[in-house]
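Labels run A, B, C and D following the written order; every chain starts at residue 1.
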Amino acid sequence: MAIAPERPRIDPALLRGGDVYEGTRIPSPVPTILEVSDEIRATGDVLQVNFGPNHPSTHGVLRLIVDLTGEEVVGLKAVIGYLHTGFEKTMEQKTWWKAITYPERIDYVAYQNNELVFVLAIEKLLAIEVPPKATWMRMLLCELNRIHSHLVYLGTSALEIGAISMFWYCFRERDLILDLFEMVTGYRMHTRYFQTGGLAEDIPIGFYPEARKFVDWMPQAIDDYEGLLARNAIWLERTRGIGLLSADDAIALGQTGPNLRASGVDWDLRRREPYLFYDQVDFRVPVYPNGDVYDRYRVRVDEMRESTRIVEQCLDRLEDMEGEPWIADDRKVVLPPREELHTSMESLIHHFKIVTEGYRVPAGEIYVPIESPRGEQGCYVVSDGGPKPWRVKFRAPSFVALEATATTMHDALVADLIAIVGSLDSVMGDTDR
Amino acid sequence: MLENWLPFLIWTLFAFTIPASMVLFSFLFATRPKRRVRARVLPFESGVSEGPPQQHRFTVSFYLTAMLFIVFDIEIVFLYPLAVVLNELAWFGFFEFLFFVAILVVAYVYVWRKGALEWAR
Amino acid sequence: MGAVEGEAGRAPRIGRKMKTERLLWPGKGPSAFERELGPEELERMVGLTTLDKAVGWAQSSSIWPDTFGLACCAIEMMAIVSSRYDIARFGAEVFRSSPRQADLLIVSGRVSHKMAAPLRQIYDQMLEPKWVIAMGACASSAGMFNNYAVLQGVDKIVPVDVYVPGCPPRPEGLIEGIVRLQERIKAGVPHAYEWREVAT
Amino acid sequence: MARGRDLSYDDVPGLIRTTEAYGETTLVVDVAQLLEACSYLRDERGFNFLADITPTDYLGWPSSDVSGYIGTPGGRDINDPMTQGLQALPEEKPARFSVNYHLLALRSEPARVRVQVWIDDGVAVPSVIELWPTADWHEREAWDMMGIPVEGHPNLSRILMDDDWEGHPLRKDYPIGGEPVRFSSAE
């Protein structure tokens, strides 16, 4: 049973290199399990090792059952599910309003993007018009969150490969970003700041100068990282030409985001299917041709620079938007302001209805994809017109990224295994949902 | 005769008492395990270890790496006595040392060109 | 710090600090345990000799956590090692990955049923004296996930010493949990597995 | 074969109906001809990327009236006054389970389509691993969480739940589990 007997040609307009090896390296009967070939099994030297749930180098509770001959990886099987939290079942029990806080815990490194994708899905079903100030602020926070996610990736995967000081560099900037989140939303992680129809609160007064300071400082910080790693002989030796993934295999395995752009396919949802105001913002989509660990690193570092530029442009727009509404004023869905409750009976009824039973979303099903730091984060929502979602399903880019472990493990050593799993940048909460 | 051995004896005394005290104190003050648990006997395999460690055959490439280590690293042992008497031997000792290292470099280049340093592909 | 109320009617005793030396924070005053139990009862109950105090001080000053990162709390657990929060000031920055060398198991994140068996096995493989911190709402009580997949509180399978609230708790919150644990060790409070069986 | 935005999908084999809502096209396909439809979409229409396979359980889909702010299928008209009374019954579903294949044409003018298949409990769905290898884990998750048998899948086993777990948690008749809490707003 050949896998994908003949692949459809990829649109050459999207390709920037990416033909890293000819043919396909996807293992044949089961695309996600690398079987030990018979002659190696015959030598009897195969040692099965558990990179189990509690392993320092797997990011979270991923379990890899690896067959080794000496240092060489000849067999691999990923076992997931050790962090399955039953999000989708739990969200079906909660009203729309309460369910918004669940998606943040799914991909707990890119929490703003997850929350955004669920809120966008609800707003699309409700056909609510979100004020521009809220949309710009959402874009700003999501880009800050993208930098935060890439910093956590860079810090931990460089730590695994041996560049331990990178961890302290990256977590220094991460805390700067979390200070901004804390100033705007009141808490460092899982901010629950996006509300159906806009934002939960207005933007605090001192936020813009603080964000300006961060935007001015970030490019030098990225220069520090690149100074440490870009021409570091050990880093190049450990990452270049390792974990190869060609453009065909990447698309066949459903890779998205930096994993796809590092394999030479120019595909970024912010550019191809713009949502929010990404078409009014100018940024460059970094694409690299070689499809190895080093290119995934380069894509993510360049994306940090681009995100800083986007944050800067969002700030320019936001600064002359003082006093504009930051949430829609559709009383059926949005809580009326507090002071209005004392005077008008009608808003009291609205407030009561929204808080107790929850607003209702018209019946229908919808799939909204956005570009999260790991790739296409889709949210498929089915509503039966009631106050609770009927079905919520998150298309998790990390779930798909781990499918590529078997393909990228082609003649890798044990040390490369750690670099490859780190470069796929999968978050286990997102994988197991 | 004794006095030039005295410093050595004092040094040996310290070298013996310090590790012994560590072992003794850690044994004396250790808190005994409350319950004998089967899991403690198992090897740690990231949380999913089933049974006692089975015997595995290790590939021959590890043997090769061990041999290389011995060839190039244990040579230092031969250089210790040289270092002690180097000033008496003066130049002769130094050239002897250079000749010794030259042999090693030849061996190193041979091994390197043969590709033994790369992991057996 | 507030006076420690004695029995009804008696003059409230001003809680004075225990004899255990307060190197870190001399002016801090009595810790939570000393306030609750009062210095005399605790010392009488536990009967600390100077040797126990020395061992307690040694154990608490270098408590090595096990890298047991599960979910979002693991990211904040990593943050306590970073330069701004720096757990090295409390001697706990060495994160050991094997349970043989770890004293403290920080359960950081939600424990799914599939992960419960490995968690219990790792706890058993840790050598005494060992302590457990349930970090975050999910480890303490499954937090917002009251469903089929998540273990309702890690103290159902592992005796827990300190519960740290928060979702995820701030790095300062976790450091406060570790400092509280150190005070318990110095005060000689017995380990969780000695006086608290696993909650059924 | 027109490369441009050919919007009509009438020549998809096994097509039952096409619905357009919220800017998305949904092709309801007969389950027997799912493989032909998918390979046609992939080879002729350029949908070379499978984003997601999503099973949904419609057991107990509300046949009763649904009051409240029901708007037109195209979305709500905000300025006309909302009526409180019964507006529209959500339409009846052909079968209990719907399996949705979200396809994406990864090309310069991108296109998305949802291939929807309606099956009852126990009916098997053909595996599309041959067309898109990424379907491997998606189908295993569909089997694990919703109990949808996938025939032709080389390694159909549980992926998220424990191997000895009984029942399929995401089904509507599967209890939410967890512990009863004293003060819960769950009505």
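Going forward, a contact is a pair of C-beta atoms (placed from the backbone, for glycine too) under 8 Å apart; a residue touches a chain by one contact, two chains touch by 3 or more.
Only a predicted model underlies this, so the values are computations on that prediction, with no experimental measurement involved.
Top contact pair of chains, counted by C-beta pairs, is A-D.
Centroid distances built from C-alpha atoms place B farthest away from subunit D. Centroid to centroid, with C-alpha atoms defining each point, subunit B and subunit D lie 62 Å apart. Mean C-alpha positions place subunit A and subunit D at a centre distance of 23 Å. Mean C-alpha positions place subunit C and subunit D at a centre distance of 47 Å. Measuring from the averaged C-alpha position of subunit A to that of subunit B gives a distance of 46 Å.
The multi-chain contact residues of subunit B, meaning those touching 2 or more other chains, are 46-49. Of all residues in subunit D, those that touch two or more other chains are 161-162, 169, 174, 176-177.
Shown for subunit A are the residues in touch with two or more other chains, namely 52-55, 81, 84, 86, 89-90, 432.
Viewed as a contact network, the protein chains fit none of the simple shapes, being neither a path, a ring, a star nor fully connected.
The part of subunit D that touches subunit A in the complex is made up of residues 21-22, 24, 26, 42-43, 46, 48-52, 54, 56-57, 61-62, 66, 68-71, 73-76, 78, 82, 88, 90, 100, 102, 106-108, 110, 112, 114, 129-134, 136-137, 141, 145, 154-155, 158-162, 169-170, 174, 176-177, 186. If you check the complex, the residues on subunit B that touch subunit C are 29, 31-34, 37-40, 42, 44, 46-49.
Residue ranges of subunit A in contact with subunit C, taken from their complex: 52-56, 60-61, 81-86, 89-90, 101-102, 105, 108-109, 111, 152, 155-156, 167-168, 171-172, 174-175, 188-190, 428-429, 432. Interface of subunit A with subunit B (complex): residues 44-45, 47, 49-55, 63, 69-72, 411, 413. The part of subunit A that touches subunit D in the complex is made up of residues 1-5, 7-8, 10-11, 13-14, 26, 29-33, 80-81, 84, 86, 88-90, 93, 124-129, 251-254, 265, 267, 272-273, 330, 332, 359-360, 362-367, 369, 376, 378, 380, 382, 384-387, 390-391, 393, 395, 399-400, 402-403, 432-433.
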